[in-house]
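Each of the two complexes below includes chain A, the first together with chain B, the second together with chain C.
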Partner chain A sequence: MNAVPVAAPTRLVDVTVDGTTVKVAEGTTVLQACRGAGCDDIPTLCYGDTLTPKNACRVCMVEVEGSRTLVPSCSRKVEAGMVVHTDTERVQHSRKMVLEFLGSSTDLSVAPHVADWNEQYAVDVDRYGPDRRTKAQPVKRDNELYVRDYEKCILCYKCVDACGEQWQNTFAIAVAGRGFDSHIAAEYDAELPDSACVYCGNCIAVCPTGALMFTSEHDMRADGSWDESRQTETDTICPYCGVGCQLTLHVQDNSIVKVTSPSDHSVTHGNLCIKGRFGFQHVQNH
Partner chain B sequence: MDLKLSAHTPTADEIDAIDALLGATGEYDHRLARAGHDLRDQRHRLLPVLHAVNDRVGWISRGAINHIAARMDVAPAEIYGVATFYGLFSTTERSTRQVHVCVDLACQIAGATVPDGAHESPCLGLCERAPAVLLVEAGPQARQTVLAPATPVQVRALLDGGAAPDEAPAEVATPQVAAGADDLVLLGRVGVVDPTSLHSYRSHGGYAALRRAIEIGPVGVIREMLDSGIMGRGGAAFPAGRKWDAVARQPARPHYLVCNADESEPGTFKDRVIMEGDPFSLIEAMTIAAYATGCEQGWIYLRGEYPRARRRLTDAIEQAVAHGLLGDDVMGAGFSFHLEVFLGAGAYICGEETAIFNSIEGFRGEPRNKPPFPVEVGVFGKPTVVNNVETLANVLPIVLGGGQAYASVGTTGSTGTKLFCVSGAVARPGVYELPFGATLREVIDLAGGMREGSTLRTVLLGGAAGSFATPDELDVPLTFEDLRAAKLSLGSGVVMVLDQHVDLTAFVHRIAAFFRDESCGQCVPCRVGTMRQEEVLQRLEHGGPNASADRELLADIGRVLRDASICGFGHSAHGAIESAIAKLGVFS
Partner chain C sequence: MVGLATVFGAGGGTSSYAEIEDTDVIVLWGSNAREAHPIFFHHVLKGVHNGAKLFVVDPRRSASAQWADLWLGNNVGTDIALSHTIAREIIHAGLANTAFIERATTGFDEYRAAVEEWTLERGEAVTGVPADAIRELAHAYAKADRGQLCWTLGITEHHNGVDNVLSLINLALLCGHVGRHGAGLNPLRGQNNVQGGGDMGAIPNRLAGFQDILDPSVREKFGAAWGVTIQDRYGWHLTQMFEAMERGDLHAVYVIGENPAQSEADKEHAVHLLAGLDHLVVQDIFLTKTAELADVVLPGSASWCESEGTVTNSERRVQRCRKALDPPTGARDDIQIILDICRRLGHDWHYGTEPLEVAENVWNEVRSLSPMHAGMSYARLTELNGIQWPCPHEDRLEPSFLHGRLWADDPAERGRLAPFSPVVDEPPVEATTDEFPLRLTTGRRLDSYNTGVQSGGFDSPLRWGESIDVSPEDAATLGLADGEWVRVSSPRGSVNAPVRIDRVLRPGLVFMTFHFPEQVDTNVLTIDATDPKSGTAEFKAAAVRIDKLVDDRASQVAGAAAGN
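Let's turn to the complex of A and B:
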C-alpha cells in the first residue's frame, strides 16, 4: 500500500535555446529553460525572489519561433518543440528600448546590474530630449524605518504583491492611477503611519531598484558612507519569538545597517516582521 | 481580513447608496462569522458599488471607501487603486454635475471645443452626430444624457445647469433604414421594431433563432457557426465558431459568456446602434451562445457612457426574464442562463478581452498575459466566450438560415455582412451594412458621397488602432484578407472620412494622446512608450536639427510597442501614426 500521494508524472519536453536542445520538465518557464541551457544573461527586473512574476517590466523578452510578438521568458511556460532565441537583433532592440524607457523616466542609479545592461545594449536616454516627462519627485520620508523614493520605482508590482495576497496579506498599498501616472500608493496617497502598513519591510526585500530602502541605508548613501565592500553579512536567528526566522545582518563599521532574510529559507521565504527587520537598534546601544 | 481603516466616516447618502446595493447590514447573529470568503467572494461587486457611490454623490470619498472596505472585506488601498483606474470616477470632491465634451477624432474634426468647467472626454461613440457631449448628473436620481451634435451655446447652457434636449431616436444613425433598404441582415429591425417591447420583437421574427437552436442542439449550433466561417467583429478577427467550439469542449465548469460592449475605439458606434435599436436581438444571440457553449451566466460589459443602450438592455433583460426567455429554464428547454449588464466606468482598455475579466472581477482593468487564453482560463479563472456585440448579432442569421447560406455572402475569407461606422466629411454619416467585399468607394457613395465643398484627403480605417487609406486605395475590397494584403486593417469597421480642411497634424497628435491617456500603465513598453511617442511627435511638429534622429526614434518606439507590449492595445498604438507618416507625409 502506498500511503504517500504521488503526483502525476512530469513529462520532459525538448526545448531549443539558441541552437542547444535541452530536456526540461513541462511547466518550466522559458527563463528557467534558458538558464538550464547555459544562457545566463537574460536580464530581469520584475522577476525574482519568491513572487509570481508579473511580467510587467518586459526586459526579459525573448523570441519564440511562431510567435507574432516577443514573449516574456520569466512567465511563459515551455511547450514541446519550442525554439527560443535569446539574443537576436529583435530581442536586443526590445531590451534596449525597455531599458531606455525606464532610464529616461526613472532613476536606476542604484538598481543592480542596470549599468552593465545599459552598456551592453547601448542605451541612450538623451535622445528622448531634455523636456521628457519623468517620474522625478521628492523622497517620501513619513516614518523612521524606511523611505520611499518613487523616482526609482519601475512599477514592477512586486511590493504590492508582497504586501498583498502573495505574502503579507496586509494590502497597505496598491497601484493607483492609470498609464504614465500609475503609482504605488496607500489609499488617497496617505502617509504610511495613516495606512495599513505594518512595517514588515517585505516590500523593501523584493524591490529591485532601491525605491524602497531602509532609512539607515538611504541616509548612508546620501552622505556617501554606504560601502558594500566594507560590509559583512552575519546569519543568525531572530531572538524575538519562537518562529525561528533566519536573519542576515549586514554590518558596516561594527554597526548593523540592514537586515534581510534569505529568500530560500524554509521558514521565512525572505519575509520578516517589523521586529526581525527593524528591531536591531538595541544591539548597538553601547 | 484584518482591515485598518482611517478615521474618515461615510455620509448618510454614501451609506445608503452602498447598502442599497450590498443589502442592509441589519442585526447580526454574532455567533456566525461574517467575514472571510462570504464577503470576499463579493469582490466582483466592487465596480457596481463604486458606481453607486459615484452616482449618488458625484465622487468617491475616503469615508465611502472605508464603508465599502468594511462591507466587502477589501482593503481601502485596493479600492482606491481600482477607483483611480476608471475615468468616470473621481476621488476628489467635485460638483454633482459633470459635462464631458468629446475631443476625440470625429469630434475634433467637427470642431469640438472644451469650455472652462467641462471635461475632455475620449470618444463617446456618437461620431455620426459629432461633436458630442455627455452630461452626468449625480444624486438620488442619477442621470446621464447625451447631446449630439452639440453647439458651443448648448454646451455652455449645460454647464450653467440647463437640461439637455431629448436625444434623437437610434435609427437616425442608420440612413439605410430611412432610405427603405429591405436587404439588411444586422440592421433589419433597427428603426422598425419597438426596442422597448418584447412583443414587438417577437412579431418581427424575434426568438425564432433560439427555437431553431434548441431544435438542432448545441452541437448543431456550433456546426452552423463553424460552417458560417464568421470572424469576430471586435477587431481581432478570430473565427468565432472555433472559439465557441473550444469553450464547449472544456471540461472545467462553469463556463461563462461575456459580450464585449465596451465599444470605445474612436470612430466606432455600430454596437451602440444595435443595442439601442434592437436590444432583444443581442439577448437572444447571447442565449443561443450560452446554450451552445454551456454557459449559465453571462455579462454584457457595456461602456459607462452609453446611457440609452444601458436602459434598453436592462429593460429588455427584465422582459426576457419575465417571459421565461432567460433564467433557470429558458423556453422550457431545460437549460439555464442568467444575464446581466455590467457597467464599465471609462477605460478604453477594458475592451481588451482579458482586461474585461479583471474589471468584472472587481480589479483594475489591466490585461492579462496570454496564454492561457480565455477559452481555457477566462473570467473567474473559468473557460469563457468573449464576443463583440456585432459578432453576436450575426448569430441569429447564421442559426436561422444555416452556416452555409451565411457563408455564401461576402468572400471566402470574410463571410457575411459587415457594419461600417462612417463618419467625417460625408453627406450622411452613420452605420452602414454591406456584404464583405464592397469597396471603400461604395461605402462612401452609400453614405451620400463627400459632403458639399469637401474633397477626399484620406480615410482612417479601423479607428485609432487602424491605419490611413489614401484616395488611390478606394477600390480595395473591404475584406480581412484584401486589407491585410494592402497593409490596411478593418479593425472595428471605422471609416472616418477626412477632407482637405482637416489638420492632419492635430489629428495624428490626438491619436497619440489617446493612446497615452488610455494606456493602463501595466507594462513598460506601453506605459512609457505611448508617452514618448507623443513627445517625439511634438518635437517633430516643430522640426529642428534632430528631426531625422527623432524619426528614427519614433520608429524604434513603434517597434518595441509592437514587439514587447502585453496586449493588443500596445501592439496597435503606433500603427495609425506610422501610416500617417509613411502615406500622408505628416511631420515630414
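Let's turn to the complex of A and C:
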C-alpha cells in the first residue's frame, strides 16, 4: 500500500501582469502571480508568508481591469484571464496616501523598505502639519526579553494572529479600543508578566515595523551600536529539546543580538519557543 | 529507542511532524509537549484545528491536557495497565484491525491472552481513569482512519520504560496505525541530539547507522574501514557503568557534555562513585558539578553555535549545526580535542584543517559506512533544510513515514513481521507507604531545561525557581500555604522547597522539576531503579512525605545551605 497523500489537481490559468502573461495555479494570490511574473516591487506590510492575509494595511493594492476599486494583491485570488497593473498612476497615488497616513501617525523609521518606498512614491508626511495626531508614547519595558514600542505599531494584526490560532495558540494579545485609540493589548491591558504571554517571541518574528523588538536590538539601536552591515546570519539547530528547530543567529561582534527562524522551514514555520528564541545567554562570551 | 528497535528493527519515530497535522486521532501519552516540546505542539494544534481528536494521558492535567478533547489522568506507573485495558476493549468491541494483524504481525494470540484479564472495571481500579474514558479513547483510536501515538519521558523514565513503550506499540499494531501517512508512533526526544547520538553509535550496542555490533558482517565492514578489530560484545550503558564503578570494575571515565553529578537519580550516590574513580576526565562547555570532581577538564566549544556538525531530531531529520560564534579563548571544538587525544594515543587521524572541512569529512565517513545516511551529502542537507533517514540514495527521498513495507502484498517485501509484546504490568518500584504517602513525579517547565546549566543563563519572566507543587486538596489536608517552605523527604534523603499549590495535580500526587539543583536538589529524592533494557532511571515515581517546618524563615537559610 502506498499511502502518500495526493493533493487535488490544480488548473493553470493565464494572468497578465503589466503586459506579461504567465500561467499560475488556480488559487494563487495576485501577489504571488505578480512575483512569478517578475514584478518584485509591490510593497507589503501586513502580509506574512506564514499567515492568512488580513487586508489591514492596504499598501499592496494593484489595479485589476474590470474591477471598480483597487484590489489587495496579498489576498485576492487570481482568475482566468485576469489583467493586472501594478504601477499605474492610480496605484502609485494609493500607495503614496497609505504610506503617508501610516507614516504621519506612526514611526516607521526602522521598518524595512519603508524609506525606499517613501522616496519611490514621493511620500511627504510633513504636509499633514505639526498638529497631526500621532501614536507617540513611551516604550513599554515590562520584562527583560523584549520591548513593545507601540508608536511604531500600524495595527496590522500579524502579532495577534501569530499569538492566536494560526500558530502559538496562546491568545495573550488582541486589539483593544476603538478607532484611533485602537491598540494591541494583553488581557485587561495587563503588563506582560501578568498576562498569558509565554515569551515565544513569535509576535516579534512577524512584526513588520519593529514595534516588537528584542531588548538587545532595541538598546543597541538606542545607543547607536546596531549595525546590520557588521552582522552575520548563521543557520543552526536549537540546543534544547529534540524537536530540532532551525535557528538563524544574528551575530554582531561575536555576540548573538537576535534569533529568528526561517519561515519556510518545515519544523518551525518561523516559530520558536522561549528557549530557542532567548535561551542563548550561556554562549555570550562577554 | 529500544522498544521501537525491538519491534520494527529501526530505533526511530515512524511518522513526521507534518503528518500530525493530517491525522484523525492524536494520543499524547506521558508527554507534556505544550511545555517540553512547544514547536512540536504547534503541529499537534494544527491537527486539532484540522479536526483531529486529541487525547492526553498524564497523571497531571498538564498544559497539553488542557487542549485535549479528553484527559486521562492515570496513576503514576499504570501505563501498561491502561494500555492493556484499551487493547482488551478494542478486541472485545470487534475493532481490532484483523487484516493488518494477520498480514504484518506475530504473537497476537499471546497478546490477546495477556490483556484478557484487563476489563474496564479492573483498568479503572488500577489506573484511576474512569472506565468510560478508557472506552472512549479505545474506540476513537481504533475507529480512526489514521491515528498517532506520541510519548515522552512520562513513558520511558520508569524502571520498566521499555515495556511501557512496547505496550504502546502493541496498540498501534492492533489498529494498524503504523506504516501509513498520518498513522504512526512518535517518541519525542528530550534533548536535541538524543536521536542522532544513538544513530551515530554513541550507545553500547550499535555502530553508526544503528548497526548491531553483534552482527559479524557489520564488525567486518567497520573493522576494515578503521583497520581495527571491533569487539564482539556489547559495552555498558550509563547505568551499567555506575554499577561497574560500584563493583570496582571501572576506574577511569571520560565524560563529554553530560552532568551526571546532578542529573542522575539518587545523585548523592552518583557523586560518591564519581569521586571514587582513579581518573575522571570531563569535556564540557561549563565547569559543571561533574567537572568540579574531575582530574582533568577539557574546555569544549558549544556544538550548536561554535562548531560545525549535524544533529538528528525526533522525526529522524538530520540537520546541520553551524559555527556562528568564536568560542572563548582556550575552548576548542570537541572533534579537535578528540583528534589530539587520539594522536597522543598513537592514532594520527586526518580530517583536514578547517572546522567545516573536518566536520564534513567525518560526516562523509559516516555516509560511507551507514547505508541509511549514504544519500545525505552536506550540499543536500543544506539545500533541503535537513533530510530524514533513511536516505540511502543521493538522487531521491524516501517517504516521510517508516515501515510502509508492513502493508505490502508480497511477503518478501513485507520482511520481518512486527511482534506483539505481551508485557506485564508492574507498579513503580517504590510504593507509597504510611511513612511516605505521596507520589512524587518530575518533569520540565517551558522556560527551563534539565539541570539548568544552559537555560539558567537568560532572564525568564516565567521562572519562579524550584517548588514542590501540590494539589489544593493535599495542601488543605497538610495545612500548607502557597510559598511556605517545607521539608520533602524520600527514603533516600530530604530537601527543603517552597510549596506551590497547583490545580493540575490530583490528591496524592506532587511534582518537582530538576532545573534548579543549586536551589533544591530534587535528585536527592528520586530513585535510581533503572530499566534493565535501556538503563533509564525511574525519575517519574518516588514516594515522599511533606513535613511542615518549625520555623519557616530559618528553613530558607537551611534550604539554601543544603543546596550548596
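The criterion applied here is as follows: the second predicted complex is superposed on the first by the 276 of 286 C-alpha atoms of A that agree within 3 Å, B and C clash if a C-alpha of one lies under 4 Å from a C-alpha of the other, contacts with A are read in each partner's own complex, and residues count from 1 in each chain.
What we mean here is this: contacts are C-beta pairs under 8 Å (C-beta built on N, C-alpha and C of every residue); 3 or more make two chains touch, one makes a residue touch a chain.
It should be emphasised that the depicted structure is a prediction, and the values quoted were computed from it without experimental measurement.
Superposition model on chain A: chain B and chain C are shown accommodated side by side without a clash. By the touch criterion defined above, A:162 lies against neither chain B nor chain C after alignment on the C-alpha atoms of chain A. Once the two complexes are laid over each other on the shared chain, residue contacts for A:72 go to chain B alone; chain C is not touched. Within the superposed three-chain model, A:279 lies in touch with chain C and out of touch with chain B [touch as defined at top]. Remark: in the superposition on chain A the angle formed at chain A by the CA centres of chain B and chain C amounts to 110 degrees, rounded in steps of 10.
In the superposed model, A:31 lies in contact with neither chain B nor chain C. Contact with chain C, but none with chain B, is seen for A:242 once the two complexes are overlaid on the shared chain.
Applying the stated contact rule after C-alpha superposition, one finds that A:64 touches neither chain B nor chain C. In the superposition on chain A, A:129 makes contact with chain B only, while chain C stays out of contact range. Look at A:82: by the touch rule set out above, it reaches neither chain B nor chain C. Put simply, the nearest alpha carbons of chain B and chain C end up 5 Å apart when the two models share chain A. Residues 169 of chain A touch chain B in one complex and chain C in the other. Across the complex, chain A meets chain B through its residues 55-59, 61, 69-70, 72, 75-77, 90, 93-94, 97-98, 101-102, 104-105, 127-129, 131-133, 154-155, 164, 169-182, 185-188, 190, 194-196.
Chain A makes touch with chain C in their complex at residues 1-5, 143-145, 165, 167-169, 192-193, 197-200, 232, 234-246, 249, 251, 254-256, 262, 264-269, 271-276, 278-285. By the touch criterion given at the top, residues 1-4, 6, 62, 65, 74-81, 84-85, 87, 91, 347, 364, 369, 371, 516-525, 527-532, 535, 539, 549, 553, 556-557, 559-560, 562-566, 571 of chain B touch chain A in their complex.
For chain C in complex with chain A, the touching residues are 17-18, 22, 36-40, 42, 45, 49, 67, 180-182, 188-195, 285-286, 302-306, 311-315, 317, 319-328, 385-386, 399, 404, 407-408, 446-449, 453-462.
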